[in-house]
Each structure stands twice: as structure tokens, then as C-alpha cells.
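Multiple structures follow.
Each of the next two complexes has subunit A plus one more chain, namely subunit B in the first and subunit C in the second.
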Partner chain A sequence: MLPGYRKWSIIFLLPSGLFLIFAYVYPMVYSFIMSFFSYSMLIPGAKPVFTGINNYLSIFNNLAFLNSLRITFIFSIVAIFFQFIIGLFLALVMSANLRITGVFRVFMFIPLMIAPVVVGILWRNLYHASYGVINFFISFLGIPPQIWLGSAKQALPAVIVVEIWQQLPVFAFILAAGIASIPTELNKAALVDGCGRMRIFWHITLPLLKPAIIVAFLLRIIDTLRMFDIVYTMTQGGPGTATKFLSLQIYEKGLRFFDIGNAAAQSWFFLIIVLLIEIYFIRLILRRGTAR
Partner chain B sequence: MFGLTKSTVEKVLLYIICTIVIIVVIFPLYWLIITSLKYDIDSYVYPPQFFPVNITFKNYIDILFLAQEGNLVKYFLNSLIITISTIFLSLLFGSMAAYSLSKHYLSIMFRRMMLALVLVIRIFPPITTAIPYYIILSKFRLVDTHIGLIISYVSFSLPFTIWLMIGFFQSLPAEIEKAATIDGCNFWQRFIKIVIPLSLPGLAVTAIFGFLYSWNEFMLASILTSENAKTLPVVIAGFISDKYLFWGKMTALGVLMTIPVIIFSSFAQRNIVKGLTFGAVKE
Partner chain C sequence: MKRIISCILAVIFAVSMVFLGIGCKEEAAPVEKEAAPVEEEAAPVEEEAEEPVVEEKKYEGVELKIMVHAGSSGERPIYEFAEEFYDKTGAKISIETVAWENIMPKLMASIEAGERGYDIYYTNPEFSYTHWPSLLPLNPYIEKYNYDTSDWFEAAVKYGEGVGDVPDTRYTIPASMVVAPVFYNTEKIPEYPTTWEGYEEVLAENTNPPEEYGLAVAGVPVQTVRQFYARFWSLGDPLLTPDWKPLINNENGVRALEMLKETIDNFTPPGVLGWDNPDAGAAFANGLCATYEGWTGNVLTFLEDPAENKIGDNWAVAMYPEGGTGNMTDNSFAIFKTTKNPDAAFEFIAEFTNKENSKRWAVEYALETPIRSIYDDPEVQAAQPWFEGYKEALDVAKPAFWRVPQWIELFIPTGEMVSKYLSGEITDPQVALDQLAATWEEAIEKAPPEFEYME
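Our next item is the complex of A and B:
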């Protein structure tokens, strides 16, 4: 090794390191400390008071928080389930290599490019109870107009549909890339051996697709759990608390009520749950050696 | 499964499926565009007008030149400045870090630890850092400044950039760098003159994701800015009021926001999958 290379390597890491320390490490340390204090910034001149693990204990009695936790997980699980099924189907369609699949690929990307705040506004219009296009369409199926975003029962499914619509390309394209990497000889050999297409799908395509599926799940879990922008413009958490996702709940705690201590404890609780889930998936990936 | 031999019936079915999906995917975008070309009165009618009867550019003129909400051009520039700075800084610093981590000059333990740390940061739900970050920014008097938002966007983009660029750097042939070293290039020169020009495709992909992220990001922007550094997503969300929904204005701004993204990303469609997967799925 040439002299000075170690020094250069460290220098190259410094700018990124400083950014991450200022924007992540420092805030998270601050928030970890504050999570043991009772501190409301609304009261002028109030000083933080040490309360031990009270903030954490109160999470388990906080019905609003637990409700948000429940909604967020239902949202994440249901949305990812449907994205996986539909995305897998579309990935198989894309692998057909017809003329239309090229066009299809181009159009599939479009939902991803529209800002989530815009998506929220747009679907708010489409879902509108009195003049929305969706009620117009379902009237042909003989279904009477629904309230959608105004209904405590229908609001969450309505948001899930929007999430599926916008993020479907992620699953579809990751799985399509996975399918494209399966050697065609394998499929051909199986055909010669008299395997039906369903058997090829179950015994060749799906098992070989597993690494891509795990990566897609990992990324989708990260993104669905942090859901914020779409609901902010679409429902603002309502009606009532029907779509008050965790991010929205913590946002209000911290920035509308300035209850910094509780918001910090809730943030750390949320973060630890997310980390545990993700570590499970990352270990799956590392075991398979698909990641670097 | 559909990649194998196909009968005619099957081809027809696939065409039908593709057409239906394309319509479902495109219709909301179509609706966004035509709503922006309607008078608000026409947005409140039932049954909805699928083809606007009275086409107007009033909404565009309103938001661009007559907006009561303030000067839209200023917010457009804010978005542009913040997005471009974010892309530039995260590409420069991210690829520097990636280069350092892709070489073996530092111990493997240390490099692995750094990579794990970077991955963990990618996983953080943004709201968990947003509130303490806001408090810290206010101590430094950086709330509602471009710098405050840029720092947080760059930090968000760094993990992504680092992971993606390591993959590109590792795929470069080592001989080129050896030759450069023999010719007397130092570490920095080797990086900026040899490695970066060879990694342009990789940088393009990361740039597109940086663009998508910082152009469209709303939550941090709404927390960290109020007027001076306000970006377009915050402006759009501000149109929502309890009394009245300005469909025309909101959708017109939505269209204006979406056009640059579609233009920018059409340059590198093919490489986007690599970016989507954080570099973990090889095509």
C-alpha cells in the first residue's frame, strides 16, 4: 500500500460523516435524552423535567398511539400483500416480450413520478362523495354512491388503494428484473421434460425469484411504515383518527402540541420496531448472499 | 411464465390485460391534466366531465402570475435550488465515501461497520429525526433556510448514493487505476479524473433518484420551512382549506410539478430498476 492512502480514505469519508452526524446522529441522541424528560415547548420558559421511563410506559396506555400503530401495520401489511400479488402478475406479463410490453414498461413508471402530495389531492378529487369519478364508475355496477374518505370504515381501504396504485411499479419492476435474470435454458429444459407452465412457475420461477422478493419486501416495508405525504393531503388523518398513521401521530404530538418528551419516546419506540423488522429481512438477504 | 411459447388466444389476452392496466395507471394523470384545464365550476358537476367543455388556462395564469399565496416563481426557484444542491452534494460526497469504502485501505471491520450504519440510517422513519432536527436547526437559526433543508436532504440521499456507487466502483477494472497511479496521480486525482468519468451511468441513476426525492419531498419541507425556503409541495398542500378546494389551482400546480420529473427521468429509464432496488438486484 502506498503511503497516505489511509489518510485519503479517511478524508473521503469525512464530508458524508459530518452530514450524517449533524442530521441523524446528533438529533437522535438529543431525542433519546429528551425521551426521558417531560418537556413542553408550548409553555414559555419551561425547563425539561427528568421523569425516567415514564414517557415509554405511557405509550402503552396511550390509546391514540396504539390506534395509530394498529392502522399503520394494517396499512403496511394489506398494501404490500396486494402489491406483491399484482406486481408479480405484472412482472410475468412484462416477461412476455410482446410489442405492447415495451409501451407498458414506460407507462408503469408514471405513478412513481407524481409527488405524493399531488397524488393525495388528485385521489381526493376522484374519491369525492358527490362528484367523484369513482362513484360514477361504480354506479355502472349498480353500487350506490359511497362516502369513501368521509367514512371511518372506508377511508383506510381508500388510502391503501392509492398506495397500491402509486407504488406498484416498485414490486413489478424489481420482480421483472428478477425474472429476466433466470436463464431461459432452465425453463426450456423443464418444458422438454413435460412440465406444465404452472409447475415451472411454482418450482423454477418462484424459488429463483425469492431474493428479489425479499429485497422488494424490505424496501416496501421501510416506505409504507413511514406513510405521511399522501394522507396529509388526502385525509389529514381523518375522519376522526381513521387514517392517523404513526408519522402523522408523532408529527402532531411534537409539532402541534410541542410535547417534545412524549414525541421523542414515541419516535424511539417506532424506530425500534422498524429496526427489528428490517434486521430480520436484512439477515435473510445476507444469508442468501444477494447483497454486497 | 408468459415468456414461453404463446398461443394466439394468449397473446390477445395479454394485450387486453396490458391495455387495462395502462388505462388504470394513466387515468389519474389524465384526470389531473384535464381538471387543471377546467373552470372550478365544471369540477363540481355530476356526472363528471371526462372531456372538458370549456377549456381554460385561467388556473395556470392564476397560480403563475396572480397568486394570492405569494410569488410562485420564488417557490419554484426554491425547489430548484434545493434539488440541484442536494443532487450535487450527495453525488460528490456520497461517491467520495463510496470510493473510500470500496477500496481496501481501511480495515474491513471498519468498512463493514460504516456500511451497516449507513443502511440503518436509510431505515429511519423520517419523522423520528425530523422533530429533534427541527429543534437543533432552530438553535443554529437555520429554520426556514435553504441550507437547513439541503443538509437534511443530502443526509437522506447519502445512504442511497453510497450503496449504489460502491457497486459501480467495484465493477471498474483495477488496471486503469493502477496505470493512473504509475503515471503519478494521487488519490484525489485518480478519483476525480479516472473513476468519476467512468462511473457516469451510475451517477445518472443516483441523480434521478435524488431528483425524485428532493423535488417531491413534503414532510421535512413542511416542518423545516415556513416562507423563505418554502418548496412547491408545501405550496400545494397549502391550497387545501376546510371551506373550499381549489381543484383548478391545485391540479395546475401539480401538472407543473410533474412535468420536470417526467422529462428528467425519461433520460435513464433503463437504469431505474437498479436504483429502485438500492443496487441489490442485478439485471
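Our next item is the complex of A and C:
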């Protein structure tokens, strides 16, 4: 190491370090501290009162929170499952070196480039029970008009479809990149040995694609659990609480009711759940790396 | 060496903070549209080349930052008046429009920002129930400027004073009175009913799916509150007892909720529980629905647009049957205590809301002024024939949770619970209302008001 190198490294790192402390570390630490206080900013003159872990304990009795947690997980699991299946199929199509692959890739990107709020408004109109295009098209199949976002039973599946539509390219492109990284020699050798396409897929492509699949799952799980803008613009959490995701629940607690202590505790509880999932997937990736 | 480096870093840091501070100061309240300074043309000087005398305007150099409730009927007049006020007084008005959902966080941030925050805000007075300690009491200014409130609707006077349990103190000046009446198609409903039974009859007569329906409403959770209150209040009970015990889950509450569900199930287009205000407004204006229960602004936009309006002038406004009323609010101005220019701020408000301008806004922008006599003005009546029915609705209007700082914690769960019942998530209205009453009690318990509940 050059003389003074360490010192100058610290000097140059200091501004960004300070920025990180002010912009990220301080708010997080502050919100963690606030999660142990009862503090409603709506009440004039109210001051934070230390309540220990009461805010965390109340989460387990909070039916609205638990219901939101359930809805969020259903949304996340169903959406990611379909994104994976369809995404894998599309990734295989994209990897097939067809003439239309280039155009196909461009079209695949379009939903991903649209702002979530625009996506929400767009699909809200498509789902409109009286004027929506979706009801118009399903009428050709003999299906009567559906009420979609106005129905407690159909609203969540309707939002899941939008999530699948918009974020499908993430899965497709990550998996396509994973397929491209598989050495072609393996496929060729398997073909010479007389393996069929399906066997090659199950015994070569899919196992070698595992790291890419894990990464895609990791990214999508984090994203789906945080879902806010699309559902807010489409349903505002309704009808009733049919689409009231955890992010909406915490937003309401924190930025509508200004119940800062409870909102902070709910946020941290949610963060811990996401972290545990994240750690599980990262360990999967690391385990594979070590095994090699 | 270490010390030198530490000193250099400290200086860099200090200088950065200073620049950062300056930047923050300039960006504290983002300006969406500013009243453009009007450059007056120099009059041609023909005879004497004297030094032109520049008359300094009263508030030259003063800048007022105003937060305006986006989409409120006052938004366009405020922009227009800001320019006039600049021309007249020299005070520059910076306007930021904010969607209702973001008003509470914006006001909180503004209070934290102190002098660098807004000078004035324009939105529903409910926000003042929470923020009144940060607002300027307006009574001394009302007196100083001889501001006339004698001709206001009774509701504007009664519910505008005493916020924060400070007797006779006023923190807000209303520019428009907002209540959700019933808009009805006069071709389809030549005679508007006065009873709920009659109301349901005309809705049934006009429901012929999928071509036409009786009623258009916004059904997303937060928008269902007023339809429920209209039915509940028409049955005669207040929302709470004077000592803050919920009455909403009594038999009238159950009846009101059932009435609303029957109406929505039988006489509205499919999917209204996913509709927001514009969907409902458009459905009335394009003739799909014979009536519309909702805010005026959301339907007038469509009725004023020839491309959207398929019913022409065949519409009128009436109050709910049997004395029912949706929750009343208004759009009021309030001044933050931290403003450096309270007089300029009050003058802006006073001039915007004086009788002359209120009439002008009523004619040009359908702004629902709190000045009652304006509704009887022939010029206003010619421009806004619907004001006649709206005046009747304002005469019986009342707010929900008047003066309660945690009003939003009572209001939003109401919509959610009503929506739960309407959507079938909860099938027993008594269960839904008991849950709602428990939520209200919990919210009230956080800071039990020291005054009696009153409507």
C-alpha cells in the first residue's frame, strides 16, 4: 500500500459516508427508536411516551395488520409463481435465436418502462366494469361482464394480473441471461448422447439456471412485498380491505394517522420479515458458490 | 498533518452545509406557478423629460407561499387572483397545489420548516382541528380590516369558531362551502322525491341494465362515507353522544347501512365499488345514471365539457331526502403563525373572499361561496342555476367530528367499514358497525376531548 493511501482513501470516502449517515442511517435509527414510543402527531402538543415493546406486541393483536400481511403474501406468492413460469417460457423463446427475438425483446421491455402510477390508471380503465376493454373482449368468449375492481373476490386477482404483466420482463430477462451463460457444449454433448429436448431442459438447463432463478426470486420477492403505487391507484386498498397491502396499511398508520410509534414498529416488523426471506435466498446463492 | 486535514475537512463540511442550507431555503416550498410580474409599459413622454416617479406598492418585495388543495373549486380562481393581487399590492404569490392525500404530510412538514414553510394554506378546515396551535388566530385581523362575516351561512359561522376548544376563536376563513348533494337528471326525474321511499322508486324506474341505472356513486372506501352519513343523519341521530360514545352502531346505523347497500346493489352500475369520483361524475354526465351522489366539482367538470355532457342542461341539484346531508366541509384559508407577513396574507384572503369577488368566482368558476345572499343574486342564478338546490343542502349541512384533532382516524375507518359491508367482506351490518364503533372509541381514547361532542 502506498504511503498515505489509507488516509486519503478515508478523506475521499468521508463525504459519501457522511451523506449515507444523514440520509440513511440516521432516519433508520430514529425510526427504530420511535418504534418504542407512543406518539400521535395528530394530537396538538403530544409528546412521545416510551412504551417499551408495546407497539411490537400490539402487532400480533392487530387484525388489520395481520390481514394486510396475509393479503401481501398471497399477492407475492401467486404473482411470483406465474411470473416464474411464464418468464421461463419467454426466456426460452428469447434464447431460441428466432428472427423475431430482437423485436420481441423490445416489446417485452415496454411494460417495465411505464411508471407504476400510469400502469395503475391504465389498468383501472381497462378493468372498468361498464366501459372497460377487458369486458368487451371477454364478451366474445361468451363470458358475461365482470366487475373486477368493484368485487372483493376479483380485485386481488385483478391486481395480481397487472403485477405479472408489468414485472414479467424482469424474470424473463434474468432467466434469458442465465440461459445464455450455460455452455453450449453441454447441450451438444447431451444431444450426441441421445437426450431429447425435454431431458436436456430438466437435467441441464434448469439445474444450471438455479443461481439466476434464485436472484430473480430474491429481487421479485422484495419488490412484490413493497407493492404500493399500482394498488393505490387501482383500488385504494378496496373494496373493503380486499387489496389493502401491508405497504398501504403502514402508509395509513404513518402518513395519514401520524401514529408514528405504531407505524415505525410495523415497518420494522415488516423489514425483519423481508430480511429473513432475503437472508434465506442469499444463503442459497452462497451455498451453491461454496459447493462449486 | 492530521490536524491540518481535520481542519480542511471541517471547513469543507461547514461551507457545504451553508450552501446546502441556502439551497434548502430556496426549495422549501416548490413553486408550481407564480404570479408573473407584469411589466408596465412606460408611458410615452412627450413634453418634459422628468424623472419618472416609481410608486412603491404596499407589499413590494413580499412573497407569500400558499398551499392549495388540488382539484378544489377554488384552485383556478386563486391562480387568477394571485396575479391581480401582485399587480395591486406587489406581493408575489407562490402557489403549490397538493392532492388531498398529501395535504397532511405537507402541512406537518411546513410546520417543521417554520418560516420557510407555507404562509397560507387552502383546504378543508378539518386540518385545522389538528394544526390549530400552529395557526394564526384571525379574529384580530377580522376586526382590524372590518371583514364582514354577517352574511355567511349559519354552518360557516358555527363550525368555524371554537376549534381547539378556544372559545370564539377563528383560524380559518371559508372561500367555498362543500357538501355532497344529489344531482339528478330532470328529464328522467321531473319531480324530485322528498322521501327515501320516493327516492328509491325513481331510482328503480330509471334502472334498466345495461343501458341505464338509477344512481352513480364513487364506491372506493373513503368515498362511501358521505352516502352513509346522509342516510344515517336523515334518521335523526348524531354520530356520537355529547360524552363521545359512538351512536353509529345503533339501530339507525344498521338501517342506514342496509339502505345504502340495497341502493347500491339494485340501482348502480356494476363495479361502482371500484369507482372513484370522476367515474361517477362521468356516468351521470353521459346519461348512464339518472342521479349522482357526490362532490360537486367531480361532476361539474364533466357537465361543463360539451364532449362529455350528453344530458345538456337537463339536470338540477337537490338535498338528500328527509333532511339527509353528506358530511359538510369547506375550503378555507388559514395563515401559519410563522408567516412574516400576516397582514399581506390576511389581505389576500379578505380580498379573495369579499362579496364582490365571491360573486365573481361564483359566476365564473361555480365557487360555492359561504355568503348566502350571493345565491339569490339573479346574475349568479343565471350562471349557476344549480345553486338554488345547493343552497338548501347547505342550510342543513353539518360536519363530522367537528374540532376533533384525530378526525382522520375516525373518518377513514368509516369508509373502510362501510365498504367492507357493501362488498360482502362483512355480511352483518351490526358486526361492521360494532367494529367501527370500537375503532372510533380507540381513536378518541388517545386524547379524549375536553369539550362535548356537538353537531
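The working rule: the second predicted complex is superposed on the first by the 288 of 292 C-alpha atoms of A that agree within 3 Å, B and C clash if a C-alpha of one lies under 4 Å from a C-alpha of the other, contacts with A are read in each partner's own complex, and residues count from 1 in each chain.
Just so it is clear, a contact is a pair of C-beta atoms (placed from the backbone, for glycine too) under 8 Å apart; a residue touches a chain by one contact, two chains touch by 3 or more.
Predicted model only: the values in this text are computed from it and were never measured.
**Student:** Examine A:130 and indicate which partner it touches, taking first as subunit B and second as subunit C; both and neither are also allowed.
**Tutor:** both
**Student:** On the superposed three-chain arrangement, identify whether subunit B or subunit C touches more subunit A residues.
**Tutor:** B
**Student:** Tell me which partner A:231 touches in the superposition: subunit B (first), subunit C (second), both or neither.
**Tutor:** Touch partners of A:231: none, neither subunit B nor subunit C.
**Student:** Contact-wise, after the overlay, does A:282 reach subunit B, subunit C, both or neither (first, second, both, neither)?
**Tutor:** The first partner, subunit B, only.
**Student:** One more residue to check, A:28. First (subunit B), second (subunit C), both or neither?
**Tutor:** In the superposition, A:28 touches subunit B alone.
**Student:** Output check: A:256 vs subunit B and subunit C. Expected answer is one of first, second, both, neither. What do you get?
**Tutor:** second
**Student:** Just to be sure I read the superposition right, which of the two partners does A:165 touch: subunit B = first, subunit C = second, or both, or neither?
**Tutor:** A:165 sits against subunit B, while subunit C stays out of touch.
**Student:** If you stack the two complexes on chain A, which partner ends up touching A:155: first (subunit B), second (subunit C), both, or neither?
**Tutor:** second
**Student:** Considering only the touch criterion stated at the top, classify A:79 as touching first (subunit B), second (subunit C), both, or neither.
**Tutor:** A:79 contacts neither subunit B nor subunit C.
**Student:** In the superposed view, which residues of subunit A touch subunit B and also subunit C?
**Tutor:** 15, 124, 130, 236, 255
**Student:** What does subunit C use to touch subunit A in their complex?
**Tutor:** Of all residues in subunit C, those touching subunit A are 5, 9, 13, 16, 101, 104-105, 108, 130-133, 164, 210, 219-222, 269-276, 279, 283, 288, 405-406, 408-409, 412, 416, 419-426, 446-447.
**Student:** In their shared complex, at which residues does subunit A touch subunit C?
**Tutor:** The contact residues of subunit A facing subunit C are 7, 11, 14-15, 18, 40-46, 124, 127-130, 145, 147-152, 155, 235-242, 244, 252, 255-259.
**Student:** Quick check on the complex: what are the subunit A residues that touch subunit B?
**Tutor:** Residues of subunit A touching subunit B: 1-2, 4-6, 8-10, 12-13, 15-17, 19-20, 22-24, 26-28, 30-31, 34, 90, 92-93, 95-98, 100-101, 103-119, 121-126, 130-133, 136, 165, 168-170, 173-174, 176-181, 184, 187-188, 191, 197, 200-201, 205, 211-212, 215-216, 219, 222, 225-226, 228-229, 232-233, 236, 246-247, 250-251, 254-255, 260, 263-264, 267-268, 270-271, 274-275, 278, 282, 285, 290-292.
**Student:** Touching residues of subunit B toward subunit A in the complex: what are they?
**Tutor:** Listed in rising order, the residues of subunit B that touch subunit A are 1-4, 6, 11, 14-15, 17-19, 21-22, 24-26, 28-29, 31-32, 35, 43-48, 92-94, 96-97, 99-101, 103, 105-106, 114, 117-136, 151-152, 154-156, 158, 162-163, 166-167, 170, 181, 186-188, 191, 212, 215-216, 218-219, 222-223, 232-233, 236-237, 239-240, 245, 247, 250-251, 254, 257-258, 261-262, 265, 269, 272-273, 276-283.
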